[in-house]
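What follows is one structure encoded as C-alpha cells, with my remarks underneath.
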Amino acid sequence: MAAKYGSIHGPGELMGRPERQRASVLEAPGVVRIEERPVPVPGRREVLVRIASVGVCGSDVHYYRHGRIGDFVVRAPLVLGHEASGSVVELGEGATRHRVGERVCLEPGIPCGRCEQCRSGRYNLCPDVSFLATPPIDGAFTEYLVMHEDFVYAVPDQLGDDEAAMIEPLSVGVWACRKAGVAPGSRVLVTGAGPIGALAAQVARACGAARVTVSDVEPARLELALRLGADVVLDARSEAPASASVDVLIECSGVERALRSGIEALAPAGRAVLVGMGADEIRVPVAALQTRELWLTGTFRYANTYPAAIALATSGRVGFEGILGRHFALEEVESALSQGVSHDDGLKPIVVVGSAG
Amino acid sequence: MAAKYGSIHGPGELMGRPERQRASVLEAPGVVRIEERPVPVPGRREVLVRIASVGVCGSDVHYYRHGRIGDFVVRAPLVLGHEASGSVVELGEGATRHRVGERVCLEPGIPCGRCEQCRSGRYNLCPDVSFLATPPIDGAFTEYLVMHEDFVYAVPDQLGDDEAAMIEPLSVGVWACRKAGVAPGSRVLVTGAGPIGALAAQVARACGAARVTVSDVEPARLELALRLGADVVLDARSEAPASASVDVLIECSGVERALRSGIEALAPAGRAVLVGMGADEIRVPVAALQTRELWLTGTFRYANTYPAAIALATSGRVGFEGILGRHFALEEVESALSQGVSHDDGLKPIVVVGSAG
Amino acid sequence: MAAKYGSIHGPGELMGRPERQRASVLEAPGVVRIEERPVPVPGRREVLVRIASVGVCGSDVHYYRHGRIGDFVVRAPLVLGHEASGSVVELGEGATRHRVGERVCLEPGIPCGRCEQCRSGRYNLCPDVSFLATPPIDGAFTEYLVMHEDFVYAVPDQLGDDEAAMIEPLSVGVWACRKAGVAPGSRVLVTGAGPIGALAAQVARACGAARVTVSDVEPARLELALRLGADVVLDARSEAPASASVDVLIECSGVERALRSGIEALAPAGRAVLVGMGADEIRVPVAALQTRELWLTGTFRYANTYPAAIALATSGRVGFEGILGRHFALEEVESALSQGVSHDDGLKPIVVVGSAG
Amino acid sequence: MAAKYGSIHGPGELMGRPERQRASVLEAPGVVRIEERPVPVPGRREVLVRIASVGVCGSDVHYYRHGRIGDFVVRAPLVLGHEASGSVVELGEGATRHRVGERVCLEPGIPCGRCEQCRSGRYNLCPDVSFLATPPIDGAFTEYLVMHEDFVYAVPDQLGDDEAAMIEPLSVGVWACRKAGVAPGSRVLVTGAGPIGALAAQVARACGAARVTVSDVEPARLELALRLGADVVLDARSEAPASASVDVLIECSGVERALRSGIEALAPAGRAVLVGMGADEIRVPVAALQTRELWLTGTFRYANTYPAAIALATSGRVGFEGILGRHFALEEVESALSQGVSHDDGLKPIVVVGSAG
C-alpha cells in the first residue's frame, strides 16, 4: 500500500495516508466516471476515513437517472453514496473521540447545530444540513472522506463492513418506529418489503411489537420478510389487512393504495408513518383520521438513531441477510446504479471500496 | 311550580320533582314536536338534572335536516341537544358528588369504562359510548334528564346558564389544543371562525400561544375573532398564511382549501388537527408531511376536558360574547334548528328550557 | 370430575360446575386453613374461572406474616394469591369475550372505570379498585373465581399454566419499562434480580435496550440474570455501576443504597423508576436530579400491560426458566408462603390448584 | 457619544464602536473593581451588543460572596451578570439575523451543538456549554459583549430594557412549567415567591393553569404574588397545602420542608420540579412517589424558551412589576451584589449599563 500511495507522514502515519485517491463521479445523468482527486485533510475535530463498503440507495439511483430529486439538482460533478463504513486513518486537530485504525460507520448529515430545528433535537430538519451525496456535497463512492468526529461511530467486530454500512438505512427504520411509538404490544403493519421495509419490520419486532405484518406485491420479498422475522405476510395484490387490526402503519412503498389500505387497517388512535417516497399528493380518508383520531406523519432521514441502530445490529436483533446484495468495485459503481434495488441476489447492491479490517 | 307539576316526594323534595315533563322531539327529518313524557328516576349513582340552557350544535341541525349523520340514523323519535346546563334536583342511590340545587353542566357522553379505549384514557373513542342526542340516546331539549354523577360538573356562579352550556363546545377547543400540543410560544392558525374556531382560538391563547391567527371568509366572524383576542385575522377569500409560519393548525371549517393552505403554513414538525367535518377524503400534500415531518390528526369529541374548560371560562380567559346567540324557548326548538348557526345576532342559538339559578 | 363435583347444569355444562369449592384462607397472621365455600355465580358480563396456577408474591408473604401492608389491614379471613391462570367454565349474562374452556390469565384489579384516574388511562391509581388478595377482596388460592370478562385474557397454547400465571408479575416489568421510556438504544440498569428484576431486565431487552446491566448481592441471582439475557451483571457487594453510564434505572430491590448508586449511574436526562418497596423515605441526591435533570418516579401495579406481556411471553422474548419455582398444592399454601421467595429451586413458589388444559 | 468613544468605522458605523470599554470585574470573593478592557470584535456569525440592563441573579451574589458554586471556581478575574439586554452595534461576518440598532436580549449559554445532549434538544445539559458569568466565561456587567447571533433575540418596543433583561429568569419559569407539563386545568403549587417563583407562577397561569397557589414565609412576597395573579397564597410558616390537592409542584425555595409538603400536596401522577437550589440531599417520601406514581425532577437552566418568554412578556401575560428592583450603575455593581435579592423596593437589583433605545 505504501508504494501505491507515496509519501506517508504526520498523524496518520501508522495507517497510511496517500495524496491522491480515486472517486466515482456522476458527471451528468447516466454518466459516471472514475476521477483522481486529492485526499482531503481533516480540519478541526474532523477525522479522515478510508471507505470500506457503501450501500446503494434509491436516491443514488434517482440522481444517476434523473440528475435531480425535487429541488435538489446536480449542477456540478457529484460523488454519490451515503451509506458508508470504513476506518479512521487520521485525526484532525482536537479530534479525540476516535483512534486511528478504528472501524466506523458514518452518519452522513452534518447539521448546523444552532438553528431552531437543531436546538429542538430535530436536527434532521435543519435547513443548513450538509448531507453526503446531496448536491453540492460529495458522497462516499470514493476512497477517503473527511467527517466531523461526532458523526462517525465506532462499530464492533461483530459487524462486518457491509453490515456497518447498513447502519444508515437501518437508522431510517429506527426513526420510523420511534415516530410511530412502536412499543411492547404494538401491532405493526409494514407496507413495502424493500430494504427499508425489511429493516423497519425487524426494528418493530426489536421494539417489542406483538405482531408484525408485512405486505408487498413481490412474493420473494415476502419470503424474505418471513425469514427476517415477520409474523404475517400479505400479498398486496390479493390481500388487504383487516380493518382496525393494527396500531401502527409504517408505509415504505410510496404507493397510494398501500397508504389508503394501511390507514383503513389502523385501530383507534393508530399512527401512520410515511417513509416511502411516492406521489406528492394523496387522497387521504380524513374522516377516518377524525373519527378514530389517527395520526399521520412522515419521516425525513433520522435523528439520534445511530447508537440504537448499532446496538440492534450488533446483538443480532436486526439482520441483513437477504438485504445485502451483490458486490461491486468502485470502478463498477455505474453497474451498481444501473441495477438499482433488486431481489434476485439480495436487495441492495454494495460498492466495496476497501476493507476496514 | 308545585301546582304545575303535581305531587312532590322523595329525595328531590326540596327542589321539586314533577311526574311529567315536556320534551322537544325530532319525529322525522324536519319535523319537531313537543311531547309530554315521564320524568325519569335517577338510578344508582345517577342524578336528575333540571335543564336550564342548551346550545344548538351543527350536529343537531344536521339530524334535523337529514335524519342522519353518517352511520348514525334516526330510526325512532329523538330528543336533540347535548350542550346543556341545569341544576341537580334529585340524587339517585349512592350519588354523593353533588348536592340538590347545585348548578351544573353536563358532559354528554357516558363511555363503558372497561374497553381498551376507555382503559387507555381515550374514552371519547369508546365504541359503546352513550352520547346525548346521538341515536338512539335522547338529548337535552327537554325539562329533565338523568345523568351519571361523574359526568355532571358543578359550575361556579360566575358562569351563567348559557355560558355553562358552552362548556361542551369549549371542550372541543380544549381537546384540539391539547392534541395539537399548543404551549407557550406556539404560533397557531385557526381556520374557520364559527363557534368552535372562536373558542379554540381563545383556548390557544390561554395555553400561552405566542400568536393566534384566525382565518375565515366572513368579515363579521373575523371581527368577532379579533374582539375575542386573535392577534391576526385573514380573509381567506384573498389572503393566505405565509409558508412555514405557524406551529399548529386547528382546522375548524371543514373546507379542503383551508386544510391545504393550513398545511402549507406549517413549519417543520408542525401539527395539524382537523376539527371541522367536511369531505370524507381530501388530497393531502403528503410530500410536505414527509419533508417537514408534519403531523396530521383529527379530533372526535374530547376526553378529560371539562375541569379545564370550566376553569378557563370561569376565570374569563375564554369568553362567549358574540358566540352566544338568540334565545329560543323549548317550544321554539324548530326555529332554533332552522336558523342554524348564524352570525347576525351571535353565532349559536340557545334553547332556554329553564333556569338553574 | 363429574363425580367429584356433583350436579352439573346451566351454561357451564360442558366444563362442569360444582356447588362447593376449597379455598385456602388466611385466618390470622401465620394461620392458613382450607375452607369449603360456595362456588360463586358469575354476574352480568362476568365469567367463572377454574384456577390452574397461582404464583406467590411478596405481598402474599407479607400479609401472611404481618396481617397488613401499610394501610391495608386483614380484618377478616382473606384468600391470598393474585398471580393466576385458569380456564373459563361458565359465562355470566352478556359475557361474550370468552368461550367456555378457554385458557386464561387474570388481571387482578378491577377499577371503577369512572373516576379521574380511570378516565385518564391511569386505572392502576383508581382509589376504588377491587384488587384480588387485597383486603377485603378474596384472591386466587381457591378453586373457582368470578371475574369481569374484560379483565380475563386468553392465553395461547405456547404458554403453560405456570407461565400464564406469570403474566401478572411480568406486567410489573412491562409497566416499569414503559414508565422509564426504555427504547432501542437505552442503556438500562436493573437493581435487584428477584423475580420482578429478572422479568424487568428481559422486558428492557425486548424493548430494544442496547445494554442491560443487572446488579444484586446474590451470585445465584446474577447467574440467572445472565442466563435470561442480561448483558452485564454486577455484584452489588463489591461493584458499582459507572457514573453517568445508563439512561434508565429500574430499582427492584427496595434498598436505599441501590437507589442512590443507581441515581449516580444515570446519564443526563435519565429516568429512575422505583419498583421495589423499601423504606418510606430515602435520602435522595436532589442536586443530581437538578444538574442532570433526572426523573424519579415509582410504579404502582400497572395499567394496559396484559396484551403486551402475553405477546412477549408467547414469542419467547421473555422466559420464566429459573423464575418459576417449586410447586405446591392448594393444601400446601402455608408452606409456599413460609418459603417465600427463594433461589434454591427457582425464585417464585407456584401453587398448582388445577389444570387449565 | 462619538466624542466619548473616539474613532468610528466599519459595519458598526451608525451605532458607534469604541475601542475601549469599562467592565465590572470580580477579582476575588467580595472584591469588585471597574477595569478598562478592549471592546471585542465579533467573529463569524457573531454580533457585538452594547449592554443596556443586567439583572442580578442569586448565582452572581453567590460567586461574589464565596468565589465558587459547587465545582465552578473563580480562578481568575471574572465579569459577572448574565441576565442582559442591549442593542446590536456591529455584525460579524456572515451574521444576518439581526440589524445594527436592533434592541435585543441575550441567551447566555452557547452550547456545542454537536454532543448527544445538544443533538437530543437538551442543549442546557451540554457539557461543553459556554455560559456567561460562569468561570471562566466573562459575563454582562460590561459595556460591550460579543455573542453568536443565534443566541441573541430581538425584543419589541413594548418591552423596556429592564424587562428585556428579565427574559432570562423568565425562561427559568417557562422551562419549569414545560417540564412539569402545566396545561389548561392544572392545579399548580409554587413554593417560594422570589423572582423565579413569582415568574413561574405567572407562566403557570399563562399555560392555562386552573389554580395557582403560591407559598412563602414572607408576607410581602405573598402580597406580590397575589398582585401578579396567584389565585391562592399560603404563609408557609403556618399553612400547608391540602394533601393531594395539586397536579404540579414547582419548588423555588430550595427548602427541604417546602419540597416535602409540596410532594404531600401532589395528587396521583403529579409532577414535582425542583428549581430552587438548596441542600444536595433531601429525605424524599419515596413511598408516596410509588403509591401515587409521582414524578420528581429538577431543572438546570432552560432550553428553547426565549421565543416563548418574549411572547409572554410582550403580551403582558407575564409582568415584572414588583420583581424589578432598584437601579445601580455599572460602578455600583458591588452595592447591587451586596444587597442581593430583597423585597423592600422590588425583588431583583438591576444594573443599568446603558440604554438600548
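As written, the chain order gives the labels A, B, C and D, with residue 1 at the start of each chain.
Note that a residue touches a chain if its C-beta (ideal position, glycine included) is under 8 Å from a C-beta of that chain, and two chains touch if they have at least 3 such contacts.
Quantities reported herein were computed from a predicted structural model and do not represent experimental measurements.
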Among all other chains, pick the one whose mean CA position is farthest from the mean CA position of subunit B.
-> A
Could you figure out which pair among C-D, B-C or A-D mirrors the A-B interface, over half of its contact pairs being identical by residue number?
-> C-D
Express in whole angstrom the distance between the two chain centres, defined as the mean CA positions of subunit C and subunit D.
-> 47
Taking each chain's mean CA coordinate, subunit A and subunit C are separated, in whole Å, by 41
Using the touch rule from the top of the page, what residues of subunit D touch 2 or more other chains?
-> 120, 122
Counting only contacts in the complex, subunit D reaches subunit A at residues 112-116, 118-123, 148, 150, 303-304
Which residues of subunit B touch subunit A in the complex?
-> 70, 117, 120, 122, 124-125, 179, 259, 268-269, 274, 277-287, 289-300
Per the touch rule above, subunit B residues touching subunit D in the complex are 174, 177-178, 183-185, 203, 206-211, 305, 307-309, 311-312, 315, 317
